[in-house]
């Protein structure tokens, strides 16, 4: 990935997400079978397969790519992660409206928009053992890196590392939102599937 | 009807109920359409048609007749009135266990057992706009008549008159149990279908 | 025209069953069953919820689980202001709320009255 | 053996849909759908509730409306003491209670724990 994310690089990043999700389908499903209903892998694979099919089209700018991802996910995923990732990409795209390419600050703006969108859609806070626990530290790390002058690639890397750590930190806690919240204490020791898929999404460009 | 209710007279009474219910099906349905789901007539007709088919069998005593009514209604009615009338006839039959024929006191014991059974099954009180509002005054009237030395026929007549009055008095009140309770104030002015069918059951021997 | 109900469930059978149950006590109310994914699996369909909302007049939406709620909220977010003004999302138990709301709609309740009927429904009567 | 659930509804679709939804989060739990009248109409069937209770081990019963509750209570009244000791009737919203109870049963909860899970279920998570 280049120092800036132009339209073509944005498309490449989304393609890379599709590939990683397809690879990790089984892993995501296993996590969701333990503390959910066992469909997160299939949901995400179906969603990003539909997204990938749309990527051959013409896009005016990164915002248009990201908005297409949003509406496609929202229509095809079929689980909680559909409206959640749909809202993430939608609010993220709105945060970079009008930019022909995304520099470090642009990528950070996208991630912050996405994180706030997920939080609002899910009415979840940090520590509720959801994908918010990956998105919020990712947004903070991205903003810090961008403030330090990091380029698009480096901001995305910083966000990915924070998301991965956030996902791991969902293990020792109980869930207060989503299906895992039915489990009470029995969710302890298991990683949240949505936080894990968020880490894969942000880490796909590596 | 004779001064005592022996097994044959009990069977005749139940047959008469079947005939009255069949006649009044449309009327009961209309009442239930207004403040319920419009099936009380069909429920009662189906239940008593099944009961009537069983009446050709051999019965040892009134208790056995009444218990057959109970189990048949409970299995065939399909609405709230199934368990309610099933419990009424069951508890009523238990109250006259061992009697070869029912005199005035026997009929009163049956009606009291039935009334208390309905009240317990429905967890309803007087004034909740349910069939309890017919059964309770019927039991009181029956006991009073029996205490005055009335025979089976006269006790049943007294109960029927009280049930009819009780059914009419469900009109100006709101419902606290059953489907009509969803209607709040809008149930006012309409008679409870189950109280009405109770009046027909107790009045069938007239 | 009475207020309509939109029943959003992960299961098409569940949505249809709720409609069947509620319709019994509310003959004249339009009840929309939106259950399952577009492929007929277990899940929710944004597109079919959106179609139901667009096909309805004033309507209260009831959902089975949190992900159905998020789907419905997303649909509502995409509506224009006029359409959004005629849709309410109920915070209510699905079956009990639907029956209470249907009865309120049948008796001519306003959008907010039907919503309140759904949200005050607790156990079974 | 985990605790079982018996879903009593006026609609067969509704009962089957609740089972479908709850089964998703509780693969190994036996869930019994008992919906509709014996003729397949809208209503409850004493006989089929009784069969489900007799075919089950420890089980929590959940109902859609008051008349279903009375049907279930009648079935329970007819049980002998041994059978009655293994059945609990939940005072819970049908869908939300069933999902919560199914998850509790899947994790090996006792009869009273599964009942408590059903009864503490409120809205959707």
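To keep things simple, chains are lettered A, B, C and D as they appear, and every chain counts its residues starting from 1.
By our rule, a contact is a pair of C-beta atoms (placed from the backbone, for glycine too) under 8 Å apart; a residue touches a chain by one contact, two chains touch by 3 or more.
Just so it is clear, the model here is predicted, and its values are computed rather than measured.
Chemist: For chain C and chain D, let me know how many angstrom lie between their CA-based centres, rounded off.
Modeler: Chain C and chain D have C-alpha centres separated by 24 Å.
Chemist: Can you work out the whole-Å distance between the CA centroids of chain A and chain B?
Modeler: Roughly 64 Å, centre to centre.
Chemist: Could you give the separation in Å between the centres of chain B and chain C, each centre being the mean of its C-alpha atoms?
Modeler: Each chain reduced to its C-alpha mean, chain B and chain C end up 38 Å apart.
Chemist: Two or more other chains in contact with one residue: find those residues in chain B.
Modeler: 37, 39, 177-179
Chemist: Residues touching two or more other chains, restricted to chain C: which are they?
Modeler: 24, 42, 65-66, 99, 125
Chemist: Considering only which chains touch which, label the overall pattern as line, ring, star, complete or other.
Modeler: Chain contacts: none of line, ring, star or complete; other.
Chemist: By the document's touch rule, what are all the touching chain pairs in this structure?
Modeler: By the stated definition, chains touch in these pairs: A-C, A-D, B-C, B-D, C-D.
Chemist: Using the touch definition up top, name the residues of chain C that touch chain D in the complex.
Modeler: Answer in residue numbers: 9-18, 20-21, 24, 35, 42, 63-66, 68-69, 91-96, 99, 122-125.
Chemist: Which of the residues in chain C come into contact with chain B in the complex?
Modeler: 24-25, 27, 99-100, 103-104, 107, 117, 125
Chemist: Enumerate the contact residues on chain B facing chain D in the complex.
Modeler: 37, 39, 43, 74-80, 82-84, 86-87, 121-122, 177-179
Chemist: Could you please specify the touching residues of chain B with respect to chain C in the complex?
Modeler: Per the stated touch rule, the residues are 36-39, 177-179, 181-183, 186.
Chemist: Which stretch or stretches of chain D touch chain B in the complex?
Modeler: Those in contact with chain B are residues 37-38, 41-47, 65-67, 70-71, 73-74, 77.
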